[in-house]
Every structure is written in C-alpha cells, then in structure tokens.
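In the two assemblies presented below, chain A is common to both, partnered first by chain B and then by chain C.
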Partner chain A sequence: MLAKVVTASLIGLQVVKIDVEVDTANGLPAVNIVGLPDAAVKESRDRVRAAIDNSDMEFPMQRVTVNLAPADSRKEGTHFDLPIAMAVLLSTEQANGNPLKDTVIIGELSLDGTVMGVNGVLPMMLEMKARGYQRMILPWDNHQEAMLVEGIHCYFVTHLKELVTDLAKGIQFELTMGMKIDEEDQASLAEDFCEISGQDSLKRAMEIVAAGSHNLMMVGPPGSGKTMAARRLPGILPELGFEESMEVAAIYSAAGLLTKDVHSLKTRPFRAPHHTASAVSLTGGGRVPRPGEISLSHHGVLFLDELPEFDKRTLEILRQPLEDGHVTVSRSAGTFSFPARFMMIGAMNPCPCGYYGFDEKGQHCHCAPYQVQRYAHRISGPLMDRVDLFCEARRIEYEDLTTTKTAESSATIRKRVMKARAFQRERYGMENIKNAYLSPSQIKQYCQLESDAAKLMETAFDKMKLSARAYHRMMKVSRTIADMDLSEVIEEKHLAEALQFRTNQHFQRS
Partner chain B sequence: MKPSMGKLGELEAKKYFERKGYVILCENYRSRIGEIDLVTFFKDTLVFIEVKSRKSTKYGLPRESVTPHKQATIRKVAMLYIKHHQMKKVKMRFDVIEVYQEKDPWRINHIPNAF
Partner chain C sequence: MDQQRMALISLNLEGITAAKDLLAIENYAGNFGDFWHLSASCLQELFPLATEKRKRIIKIINNPKLYFDKVSAIESNYAIYTILDQDYPFYLHQIYDPPYVLYVKGNLKPEIPLIAMVGARKASAYGKWAAGEFSRQLVQFGVGIVSGLAYGVDAACHQGALDADGYTIGVLGCGIDQIYPSSNRKMYLEMASSGAILSEYPPGTSPQKHFFPARNRIISGLSHGVFILEAGLKSGSLITAEFAMEQGKEVYALPGHINHGLSQGTNRLIQDGAKMVLKPEDIVDELYSKQIIMQNHRVSVPDHIRLSKKEATVMALIREKAISIDEMVFHTGMPVSEINSLISVLELKGLIQPLPGKLFTSCR
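After this line comes the complex of A and B, so read on.
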C-alpha cells in the first residue's frame, strides 16, 4: 500500500518541501530509498527498522520503497527518520493516518524509538509556515526553538510509540505563542563600559558605531584597551527586533549552534574569530555550505583582533559582503547565499613593535621605517576604504587608571544609542534600515548638508582625496552623528567630527 | 534413508504448484554454479522457483534467507537453463515459496515475482 507524509529538507539556508512516499509491496524483504539520499539519509533505513521493531510494532517483511520527492534535489540530514517511519507505519496500517493530513513531520530516531532533536528546525518551520502548513510534529528536544514561531499547531514527540498511540485516540496539538517580548532590561552585563578609564574618543567612536551600525578600525599600542572596548560593544547595542532575531536564529539553527536559552536570542551576535581563521571559515563552506563567521555575525559584530595578522586572502574576501550584506558561496552541491550584514570592528597595532606614532615618555618605536610601512600595507587599500571610522587608542595615563570617579556605564550609553536609533527609524519609516546601509540615492534623499557643512565637504573631498565610496561613507557617518544630536540636517560640527574620525595618519600611503 | 526436511518441503511445494496448474518442467536443475529447486511453466511464463523451508521463525523468516547473492546465482542458473533449452523469447519470472513446518498441516506462502 502507498502512504505519503510531508517533511522538509534544508540545504544551506534554503528550505524545500519534501514528500515522503512509501510503498510496501509483496516480494522479498528489502528497503530501497530513492530520491538522491545522502549517506546519513540512507542509514535511516536501519534506524527506522530498529526503532519500529523496538516500539512493539512490526517492520514489514516486504519490499519497501521509499521515495523522497522531488527526487532531483539532494537530501541531507537525519530528520527524515521520523517521517519515513510514520509513512511505513501508515502504509502497513499500523497507525491512524487521518490526523497527519497536511502535517509536517520532522525528527531523528534512535534505535529504541526515542525521537531526538535535529538541527535547522527553525528555518524549516518558518518556510513551511509561509507555504501554508499549520500543523507540525516535532521532537521534544526542539520545543524551545519551535516556540519562537508564532501560530503553529505543534505536537512535540518524545517516543515513536507515544505518537502512534496518540494518533489512535486523537492527537492534541499545542499552539505556539511566538517569542515572548519581555520588557526586562538586558541582564546585567559582565563587561561594562564603566570599567574603561579614559579613552574618551574611543568610547565616542564606539557610540557612533553602535548608533549607525558602522565599521570601525582601532589603532593603538599594546595594552591600550582596544580589545577591552570591542568586547563591551554588544552591551550598548540595542536588542534584536523580532524579524532580525528570527533571521539570526535561522542561521544559527542551520549551523547547529542554536542555544537552548531563548533569552540570548535577543542579544546581538558577537563573533571574534582568531586571526588564524581561514577564508572558508569566514564565508562558510563545506560540500553543502554551512554559514561561516560573517554570517554568524549577521545583525551583530564581527570583531577582528590583530587585523594585520590575518591571512591576506582571508581579509580580502570580506570586501564583497561588506558592500552587499550577503555572501554567495558556490560549491558542487549548488550556489548558496547567506545573509552577512555585520559591523566590522578591527583592532591593530600601528607597527610590529606596537608603538609607532605613539612614542611618549621613553616608550618609543624601534621598528625600521620599511617594517612600519609593510605592517600597515598588510591591509589592502580597498578594505581600508570600506572602514567608516578610524580611531586611535592612546596609552592610558596613570591618573586615568587610578581615578575614583567612575566612567559612564554601558546602560547610559545604550539609552543614548537607542534614542538615536529611534530617531533614524522615524525618518526611514517601516523600512528598518540603518544609516550604514543607505544606498547612494537614499543618501541624496536623507543626508542634507547645511551650507557651511557643504563647503567643508567640498574642501575635504579635495584635500583628503576621498574616493566616491569614502564620500558616501562619510555622509553616512555624519548622518549618524547628526542623529545622535537629534538633528534633521547635518551641520558643520557633525561633518567635522566624522572627518576627524576619517583622518588616519597610520594609513597614509606614500 | 529418511528424506531431509528441505526435501520434504520441496515435495510439498511441488504438490502445491501442480494443484495450481503449473507444469513442472524440471526438479533440481543443477549446473556448475548452482541449482534451481523447481522450473515450471504457467500460462505463457517460465517460472523459476526457490523453495525455502523452516521449522521455526526464531532465526528469521524463510524469505529472508534468499539473499541478494543467492538471487544472483539463481538468475545465472536460469540463464543457463534457457540457453540449454533454446527458450530465448519466453517470458520469465522468479518466485519464492515458503514452507512453514511448525505444525501440521504445513503452511505455504507463495511470493510471485519475488525478484
């Protein structure tokens, strides 16, 4: 007899609806799985057989043909176990199939019939919901993750036997509520900006970056607090909105990194790959690509500490995502696009010894001039061009370090950032764009320079030999600075501050 | 000598097919590579039959012991039979017949077109 069950498959971040068809016919006992199954899917034959036998039911001693339709796309993953098992039980009339109409089934089986959690449930749910499926049967292990999606009738299963008995006596679906947005302020952060003494310009730069989602490059001698400041950046960023957090969670779910803690879904991702990271680990890779670091920092921060120590090739691949906000990876299994809209925060020393340009009080650079030049040149011009703000982190003075008056806390800074973001949102309406993502035409529309500011821009453009891209980035940064002042036009002082963050003597190419 | 259980099973199967109207062409057709238990003719089809007898199902069903390797052997022997008897354009089919010798009367299960 023929039975049919609906499930989904995940390739990259792309979700495809899959029909699992099972036909049991008389003949010698054999199980054939067709429809381009991957090795893990082929193995599910043995898991399904053992799970059914160990759940007091009978695996048919007949010829069983399993088809995963559409048969032209590759099927990966272990979540086909439960749908295959259910289709087998339906085709041998060992389970009641009526309640399973239009129900998506996802789950992995262990040999004793226990249903185990799988990766990628969230993106699959979102896509299947968009296709109009209202009911899903999911592993209990994925309960928390599934609860994030709103308005789906879910049944959470722990054991195959339990599912079959419930199907027989009438199955009860549970309606998911969607993510609870509790207004509780972010849990007290372990790392707070008040711990950073001095470094006012660095803190100011951090605030601008947080308000407009810009890129930042910090230059300074060792021990000046660059890393310390970067680690505190997530604390002053606003929480993720619902849609943003869904996007982020879908990426993490596909990568198998989604944590059980729902609360952490609202904090922006902060990724700090080590400088030995390879190009593939940043973009995402594998035969069927999995998201890499730049996608994992989508809507969050990608912190690249010791930037010149990164492999050159690795850094150059950042160029395109920095402009486009997504990365396209081509592999034999197909071409996949992952979102990658991140804030790049870089930190570096000015030279190999770390003190070039920061010599004071006996501490001075002992590098040869060519060494200094070569160090700075490890980061290519095009990449530098994509940085919005440059900031120096000076050595901290003894007085600053021992002062008793406490610096501003992250919470205070965050409030200001939120205000600036709210001001932006008002201007852009529902579009939910941030200053850093404005297109040239939007810049013309939204970034009005006051007459004095326009004059200053003209001089600066010539004097600083800005590229067209640098000009646009300049405009966006000054827009953010004006937003922090709650000013609709960009005044001279706003532009001046933006320009001041652009001057980077360490990267003047000769 | 007392016939073996397998032989008794084959006799039982032969009786079953005769009752059904199959023409028995050959019993235990042997070749260098293997043997076919029954070669029969039914309507327009040449049917090769493998008989499997079991006294209990403790170690699996009889049909489970017809492994892919065994199926391949039967196919090869069938080809030899066809060649030997010049029956090239005849339709053919492979059946498995199970004889359960657990209790009297023996139960017979016929799987037509098994592989």
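After this line comes the complex of A and C, so read on.
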C-alpha cells in the first residue's frame, strides 16, 4: 500500500519541500531508497528498521520502496528518519494517518526509537511556513529553536512510540509564540568597554564604526589592546532585529552551530577566524556547501587578527562579499548563495617586529625600511580600499592605567550608537542602507557638506593627497560622525574628525 | 679633444675608472688622444701584471668604431661630462679624485649653489621630518639639494626639495638608468625633469656595495657643504662627512637625542667641530657671508597663522614633544572627537604633521 508524508531538505541554505512516499508490496523482503539520497540518508533504512522493531511495532517483511520526491534533487542529512518511519507505519496501517495530512515531519531516529534533534530546523520551518504549512512534528531537542518561529502548530516528539500512540488518541499541537523582544532584558556583558582605560581614539573609532557599520583597520604594536577592543565591539552594536536574527539563526542552524540559549540570538555574531584559515573556511564550502566564517558573521563582526599573516588568496576572496553582501559558492551539488553582510575589523602590527612608529618604551623597531613597506603591502590595494577607517592603537601609558577617571561603559556607548542609527534610518527610510554601503551617487545625494566643510575638503584633497576612493571614504565616515551629532548637514568639525581616520601613509602606494 | 673624450668614456665603459690607471695611461701616452695609438707591447710595459685589464684596453683600441657607436647611443639619452670638458662641475673638479666621466640625466645648473644632505637610510621619523623640512626651506633660499636617492633621509631630502619646486640632484651608486631602490621611481622621474640624476657608472651597471661609499665623494664634492641629518656611529653618512672634511667642505650636523642610536654619529660630529644646525638660516647665513648666495632672506615667506584658543592649547602640547591623540585627550580633558578635528585643522594649516604610529609633531 502507498503512504505519503511531507518533510523538507536543506542544502546550503536552500530548503526544498520533499514528499516521502513509501510503497510496500509483496515480494522478497528488501528496502530501497530512491531519489538521490546521500550516504546518511541511505543508512536511515537500518535505523528505521531497528527503531520500529524496538518500539513494539513491526517492520514489514515485504518489498519496501522509499521515494524522496522530487527525485532529481540531492538529499542529505539524518532528519529523513522520522518521516520515512512514519510513512512505513502508515503504509502498513500501524498508525493513524489522518492527522498527518499537511504536516511537516522532521527528525532523526536512534535504534531504540528515540527521536533526536537535527541541524537546520529553523530555516526549514521558515521556508515551509512560507509555503503555507501550518503544522509540524519536530524533535523535542529542537524545541527552543522552533519556538522562535511565530504561529506554527508544533508537536514535539521524544519517542516514535509516543508519536504513534498520540496519533491514535488524537494529537495535540502546540502553537509557537515567536521570539519575544523585551527591551529590559539586556544581558550584562562579559566584556565591557569600561575595562579599557585610555585608548580614547581607538574607542572613538569603534563607536563610529558601530554607528555607520563601517569596516575598520587597527594598526598597533603587540599588546596595545587591538584584540581587546575588537572583542568589545558587539557589545556596543544594537541588538539584532527580528528579521536579522532569523537570518542569522537560519545560517547557524544550517551550520549546526545554533546554541540552545535563545538570548544569544539577539547579540550580533562575532567571529574571529585564526589567520591560518583557508579560503574555503571563510566563504563556505564542502561538496555540499556549508556557510563559512563570513556568513557566520552575517549582520555581525568578522574580526581578522594579524591580517597580513593571512594567506593572500584567502584575503582576496573577501573583496566580492564585502561589496555585495553575499557570497556565491559553486560546487558539484549546485550553486549556493549565502548572505554575508558583515563588518570587517582588521588588526595588524605596523611591521614584522611590531614596533615601527611605536618605539617608546625601550622597544625599538629593528626592521629594514623595505620590510616595513612590504609588510603593509601584503594587504592588497583593493582590499584596503574597502576599509573606511584606519586607527592606530598605542600601548597605554602608566597614567592611563592608574587614572581614577572611569571609562564609559558599553551600555552608554551603545545608547549613542542606537541614536545615530535611528537617525540614519530616518534619512534612508529603508532598514537596510547604512552609511557604509552608500554608493558614489548616493554619497552625492545624502552627504551634503556645509560651505566651510567643502572648503576644508578642497584643502585636504590637495594637501593630504587624497585619492578619489579616499574622498568617498572620508565622505561616508564624516556622514556617520554627523549622524552621531544628529546633524543633517556635514559640518567642518565632522569632516575634520573623519580626516584623522584616513589611510595611514605607509599603506599608500605610489 | 674628441679623441681624448672618446678614450676616457670608452675606458669608463670597460670599467677602467681608477684614477691610478688613468694617470698611468696619460703619463705614458702623453695625452688621452694618443691612447688610441698604444700598442700591445706598450700596454705590457704599462700593466705588466694585469692581464685582464690589458685585454680590455686592447679591445677598445682595436674597435674604435664599436665604442664610438656605443657612446653616441648613450649620448642620445644622457649627457656625458668628462673631466676634460669645460662644463664639468667646477667644485667636483677640485677634489682629490674626481670621477673622469659623469653621466647626467636632466640639467646641471652651475649657477645654483649646492648643499649635500645625507643621513641614515633607516631613518627615524625625526630624521625624515628634519630632512624634508630643511630641504624644503633651503630651496626657498635658492639653494639646491644634493643627495643619494636612497631610502630614508635621502628620499625625504629630495622629496622636500621637489615639494617646494626646488632644484635637487641625485647621485647614484649604480648605472644612471637603474632605479634603485625602485620605490623611488616617481621621485627619480621628477628629478630627471626638474633637477638632475648623476652617476659615474655607465648605464646598465647594477648597484654594488662598494659603489656607494665611492659615490659619497661625488655628493660632497659637488656641494659647498655637507649637512648630516642622522647617522649611526659607523655609517655611510659619516663616510660622506669624512670626504667632505678631506675636500675642505663645511660639515653641518643636526643635533639629536643623545640616547638615540641614529643621532650618536651627528652628535659626535658636532662635538668634533662640525657646525650645529638648528634652523636653515644657520647654513644660509654662512653661504651668504662667503658670497656664494646673494640674499639671505627667503624667496617666499609663509604667512603668520592665527590660532583659536583651543588650537593654541593643543599646539602648546605638541610643541613640547611628539604626542599621541590619547595623551592630548588626557592632558586637555577635551573629548576625543574634538581633538581629532582640531588636529586635522592644524595639519591642514601646515603647523603639525603626523609621524608613523600617529604621533604628532610641530613643524615649527
């Protein structure tokens, strides 16, 4: 007899609705799974058989054919176990199939019939909801994750036997509430800017970066607090909005990195790949591509410490995602597009020994001039062009360490950042434009210089030998600084401040 | 005359440049014109032990046509001055061992008095700043700057002079067509059009270690005085200073921090009697008193710049010592955003300048 249930497959971040069809017919006992299953799906045959047998039910001693339709797309993952088991039980009339109409079933089985959690539940739920499915049967382990989606009737299953019993009795679905955004609940930060004393210019740069979603490059000797500051950046960024957090959660779910803690979904991602990272680990890859570091830092921060130590090719692949906000990966299994709209924060030493220009405390740079230049030039011009702000981090002085002046806390800074962002949103109307993403024509439209500021720009352009690209960067940064001042026109002081964050001399190529 | 020039240049092309050899040839043959008539046995007598050298000289004598073509090919791109020429640089001619042949790209302007400025290649920010600043100001008095077109101080000197539209000469330690280090390419081209590039080595010669000390004697020989900005205790810049003293030129030195390695050489020079330079006028006044330049006031005078109260506060801090933005915030109590914009304004007014590591220093 033929039975059919609905499930979903997830490849990359692409969700496809899958019909699991099971036909049991007389013949030699055998189980065949068709419809381009990969190894993990094929193995589900053995899990399903054992799970059914161990749940006081009977796996048919007949010829069982399982079809995963559409049959032309590849299937991977272990979450087909439960739908296959249910379809087998329906086809042998061991379970009541009526309540399963239009119900999406997802879950992995262990041999004793227990249902285990799987990766990627969130993106699958979102997509299936968009296709009009209202009811879903999901593993209990994915309860927290599933509750993030609003308005789905869910049944959370722990054991196969329990599901079958409930189906016979009349199954009760639970309505998901969606994620609650409560303003009060600001988890206290483990890492706060108030722990950094001194370093005012670095903190100022961080604040501007946070307000305009710019990219930043920090240059400084070892131990000057570059990493410390970067780790505190997520703390001053506004929390993720609902849409944003759903996008982020979907990526993390697909990568199998979604933590159970729902609170963590509101803080922006912070990824700090080690400098030995390969190009594929950044973009995402694999035979069936998984999201890489740049997608995992979507809507958040990608911190690249020791930037010149990264492989040159690895860095170059950042160019296109930095521009487009997504990355497209082509593999044998297909072409996949992952969102990757991140802020790049780079940190580097000024030279191989680390002290060029910062040699005050008995530490002297002992690099030859060409070494210093070559070190800076390891980062290509096109990549440098995508960095809006440059900032030097100096080792803190003894006076700073012992000062009684308390530094501002991240919460205070964040309030200012939120204000500046709100001001931006008002101007651009749409949620998605930030100052950092302005195109040259948009700069012309939105970045109006006051007459004094225009004069200053003219002098600066000549005297500081700014390039056309540097000009656009300065405009964007001064736009953000003006936003922080809640000023619609860019005044002289805003532009003058922005000029301090221009490219360091030894990155300029002649 | 032409025969003599040709002989000198051909010998130079073959790498026979030592004054000792050339003098021996001149004494033996009478003059360089008769060089072409020397026979193999004469050469055997002249250079009994140097087989290699003899071979090269015979090659020249046997193929005058070949060398004539070579020289005219070079002369189509570069000017060649031999020591026999009337327009050979006068002061260079006076030194103990002037180069017999000079290749020049650009223009030699004998009417412009020259000062050599040299210093460490691995210069500190202080040295580079001083180099740029002093050369910029010196050219405003109508002085030309000679240096070695290397990294560090040399490059900063040339750049300073070019920025102020002054005259500057670069003396190379390699063939005139070799740009070494290649990062100075832009400067090389600018100097070739507005100033001059000069070398005693024929085109195509690649840089070699021992060429550089030798080129230093030309740097000092061309000029009225040698100004040393930064030098370690054992350095090429001190070699130039030594040449200058031997050649009877004035030696000027920039004082520095006594603990700083790169200032030890210059401080020692001052102790030994070199003239300490605190402002460009120190050099200019001396040239004026020797009637080498005709005026000791600037061609162009910078305007007096007015500062607001806040700018003056920041300026006072920067005048004391090179200082970072964080320190300014600490000392003035002003918010960092304000300091940032004040600094940019002061920078654009040309009062301060950033050093690597983002310290700021005043430009007096």
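Going forward, the second predicted complex is superposed on the first by the 478 of 510 C-alpha atoms of A that agree within 3 Å, B and C clash if a C-alpha of one lies under 4 Å from a C-alpha of the other, contacts with A are read in each partner's own complex, and residues count from 1 in each chain.
Definition applied: a contact is a pair of C-beta atoms (placed from the backbone, for glycine too) under 8 Å apart; a residue touches a chain by one contact, two chains touch by 3 or more.
Quantities reported herein were computed from a predicted structural model and do not represent experimental measurements.
J.: Chain A superposed: clash or fit between chain B and chain C?
T.: fit
J.: Just checking: does A:M61 make contact with chain B only, chain C only, both, or neither of them? Give me first, second, both or neither.
T.: In the superposition, A:M61 contacts chain B only.
J.: Once chain A of both complexes is superposed, is A:E108 in touch with chain B (first), chain C (second), both, or neither?
T.: neither
J.: Draw lines from the C-alpha centre of chain A to the C-alpha centres of chain B and chain C: what angle do they form, to the nearest 10°?
T.: 130
J.: A:E127 in the overlay: touching chain B, chain C, both, or neither? Say first, second, both or neither.
T.: So A:E127 meets neither chain B nor chain C here.
J.: Residues of chain A touched: more by chain B or chain C?
T.: Per-residue touch count on chain A favours C.
J.: In the overlay, answer first, second, both or neither for which of chain B and chain C A:R204 touches.
T.: second
J.: Contacts for A:G27 in the overlay, against chain B (first) and chain C (second): which applies, first, second, both or neither?
T.: first
J.: Just to confirm the value: shortest Cα separation between chain B and chain C in the superposed three-chain model, in whole Å.
T.: 76
J.: On chain A, what residues does chain B touch that chain C touches as well?
T.: none
J.: For the complex, give me every residue of chain B touching chain A.
T.: Listed in rising order, the residues are 61, 63-64, 66, 71, 96, 111-115.
J.: Going by the contact rule set out above, which residues of chain C touch chain A in the complex?
T.: 121-122, 125, 151-152, 181, 183, 185-186, 324-327, 329-330, 336-338, 340-345, 347-348, 350, 354-359
J.: What residues of chain A sit close enough to touch chain C in their complex?
T.: 198-201, 203-204, 350, 356-359, 368-370, 373, 392, 394, 396-397, 399-400, 403, 456, 459-460, 463-464, 481, 492-497, 499-501, 504-506, 510
J.: State the interface residues of chain A toward chain B in the complex, per the touch definition above.
T.: Within the complex, chain A contacts chain B at residues 26-29, 61.
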